[in-house]
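In the two assemblies presented below, chain A is common to both, partnered first by chain B and then by chain C.
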Partner chain A sequence: MGTTNGWILARGRKIADERLWQASFAIFRKDWKSELRTRYAISALVMFVISTISIILFSLGSEGASLSALSGMLWVAIFFAAMSGLSRTFVAEEERGTSMTLQLIATPTAVLFGKLLFNLVLVICLNVFVVLLYSAFISEFVVKTYSIFIVTVALGSIGFATAATIIAAIIARANTKGTLYPVLAFPILLPLLLTVINGTRLATEGAFFEEALGEFNLLVSYIVAVVTASYILFDYIWRD
Partner chain B sequence: MGWKVVLGVWMTAVIVLALSLPISANPQRWYELPKIPALEDKGRIVFFHVPTAWLSAAAFVISMGYGIRFLRKKNIDDDIKSASAAGLGLMFCVLATVTGAIWAKFNWGTYWNWDPRQTSIFVLLLIYGAYFALRSAIEVEEKRATLSAVYSIIGAVTMPFFMFIIPRIMSGLHPGSADDVNSGPVVSSGGMNFTMRVVFYASLIAFSGLFYWMWDLHIRTTRIESKQIH
Partner chain C sequence: MTLLISGPNGSGKSTLVKMISGVLTPTEGEVKATSDGNDAGPMLHAIIGLVSPHLQMYEEFSARENLQFALSVRGLNALHSGIQPLLEELQLKGRIDDPVRTFSSGMKQRVKYAFALNHQPPILILDEPMANLDSNGIELVKHIMVEQRTAGILIVATNDITDVDGYDQRVDLGKRP
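Let's look at the complex of A and B:
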């Protein structure tokens, strides 16, 4: 009897896990489809990146800047672009009045991971775009250690998406939708920003991969901490 | 009532001792304070600056603790306690930042130089600011309490990176930084002698008592205010 129960429980849990993955993916697909219909977040992100990079170019003029300043400015561009587009997933649900429906048809965990996946795809597209433009127009910015740079940008994107998603969920519930988002997100994202700026600087200076391991450890533990906290807390934000 | 008088006398004694005990390079008598490398004659700051910095972090933890309690029990009184602790934490955070900056002007030459410790206290200040900005943006009492509790927990999750990890792996001027060859973290290493330790911990207790007193007052006035509104 006991083994049967255990088997049923284990099987039930397995089905629930599969359903969670399916439900999250369904929410991701829904968001992606409605995003492609309006292209609101994508166009906001693209225009933000273009204007930020052109401001950097105007202010630099013909003078070069140091590598650490250039690595910092890369992430300044990413930060402000991300702040313009990443709150969209949750704010749009509130504006359309569809958050109630979503509460009925999906578990909070599925909603969180679906939105997280959506933001992650958005951030990765954003970062690839920013890095391409940045290295095309700013000739001083040359990456010497590609392994460090790729890992830094990848982990940085995941970290950005995780922190931005949970803050977006809070923002969507508050009355002021847009203005508070960077205010709330900046202190949470700052440990991540400081670390990725440091990692980018190491990559442009041509450091060995081992030298950046401390940065990567920090990024991974940041991601784990924020994902765990969001997973536990999202229930309280999402349900009225 | 009685403990408040004791606290007043205690605090006066701490202030008098902290300002009057002589600092000498080679302390022989019991009342002399040691000269800590890199702090030199300005070492007295530990009696005032460290307790305020410690309380600004402790208030954050208290605020988060009552935030968690609110999320579990949905009792609005816990939110009052949480917000009051955060308000006092903001005040102590400003005090720690200002005393640290003034001290930095005389010891390092500039008020602000983005030492990792300064960065971390600045971020704590930002989190407190964002916490109150969020609170002022929400009108419904229960929603405000829930969302601000959630935000303070997320802030607390990222706080260890600033408080403990980044300052120790990045180089800086503050005691306890990665490349600090002088004294290490002042409190946990053996830089202080017995007298200095006694005065320091007495000051820590005095400041904590002061915090508790102010916190209690703040909670009670907020309760009265919220009763008048309803």
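Let's look at the complex of A and C:
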């Protein structure tokens, strides 16, 4: 198929190269607007968080738990809540049959970053909600070094969002989406989970900021590795 | 220019259309799009308009929102002012801001035409162009075809060649060796 209209190429190249972030933001805005109308992910996340924290609260009763255990339980609540909601971004496109529409109008890179941005905002909202609820109801959970805790939660959120996005893209085409997501996510998220649990424990023990630098380096490395792998692999995952 | 892709059900018309549109990767061979000898493949999404039974709109959004979304993703916000006249031309006046899920199948087909045309694509691909349309809709599509074949490239995939009033080239998938 050949044409002699040079402007076609010039127009297409301009759009492809210069408008990546505009396209990504448009996809993010569409997903957010759709989520506010349908409430699929938000409802699932909120119900899961409330259920998990209630179970932890009833299980502990009047008995105390170690700071390590409390730090672990915080991230268990975040992990399972995230698993229930973060796959929606790609699964919903498959279920509605709109994947082809997105493939037609957007470059794979724009789709990846748009979906990543949506999951990132969702995870940050989720983590803020979980931390507030957890701190309010689990009285033994007291953060002593806020700087470590904030950096751990921030980097943990970015790590969760990046890994959850590419896993969601992989499982969206499978027949058993619901069960496959946590199964595939667990081994990929395990290094991240172990590191954020350790960082949270340091924050509750009152460690100095410098003592948590090793954890932060690990988290940054994890995020860079997952984003790079996602960027390289997404084109193959997204195209039929 | 008009290219007609014809053939009976199951002959692979829609598959070929998806490959030309860049949404399906061929297992063998390749699709090449060139402009003045340069590869135009990576920006196909910006220069192609497609109407297909396999293409779905976002049903929780209105027709206007679907079109605004597509223009924003393609980086063509300057064309937003053309959405209202285009939807009115496609006889959707009065329903432009209603969710697409409330539309009949014929109205959804008209929204798909608006979605395919709102970025003024040099290449328009129609897969089963008359599906779900009443006589008014069919006349409208015939008018769109005439305009497109003078302004750019028109590719039509159909098992009823009377859908198209003349063509320059024909690929008949029913006559494969």
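We adopt the following convention: the second predicted complex is superposed on the first by the 222 of 240 C-alpha atoms of A that agree within 3 Å, B and C clash if a C-alpha of one lies under 4 Å from a C-alpha of the other, contacts with A are read in each partner's own complex, and residues count from 1 in each chain.
By our rule, a contact is a pair of C-beta atoms (placed from the backbone, for glycine too) under 8 Å apart; a residue touches a chain by one contact, two chains touch by 3 or more.
What you see is a predicted model, and the numbers here were worked out from it, not measured in a lab.
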| item | value |
| --- | --- |
| First (chain B), second (chain C), both or neither touched by A:Gly97 | second |
| Touched partner set for A:Leu184, first chain B, second chain C, both or neither | first |
| First, second, both or neither for A:Ala23, with chain B first and chain C second | second |
| First, second, both or neither for A:Met47, with chain B first and chain C second | neither |
| Touching partner for A:Leu194 - first (chain B), second (chain C), both, neither | first |
| Partner chain in contact with A:Thr38 - chain B first, chain C second, else both or neither | second |
| If touched residues of chain A are counted for chain B and for chain C, the larger one | C |
| Partner chain(s) touched by A:Ile105 [first = chain B, second = chain C, both, neither] | second |
| Residues of chain C that touch chain A when the two form their complex | 18, 20-25, 31-36, 38, 40, 42-48, 50, 52, 54-61, 65, 69-70, 72-76, 115, 122-123, 152-153 |
| Chain C-touching residues of chain A, taken from the complex the two chains share | 1-6, 8-9, 11-16, 18-19, 22-23, 26-27, 29-30, 33-34, 37-38, 96-98, 100-101, 103-107, 110, 239-240 |
| Touch list for chain A against partner chain B, complex | 163, 166-167, 170, 173-176, 180, 183-184, 186-188, 190-191, 194-195, 214, 218, 222, 225-226, 228-230, 233, 236-237 |
| Complex contacts: residues of chain B adjacent to chain A | 71, 119, 123, 126-127, 129-130, 133-134, 137-139, 143, 146-147, 149-151, 153-155, 157-158, 161-162, 165-166, 169 |
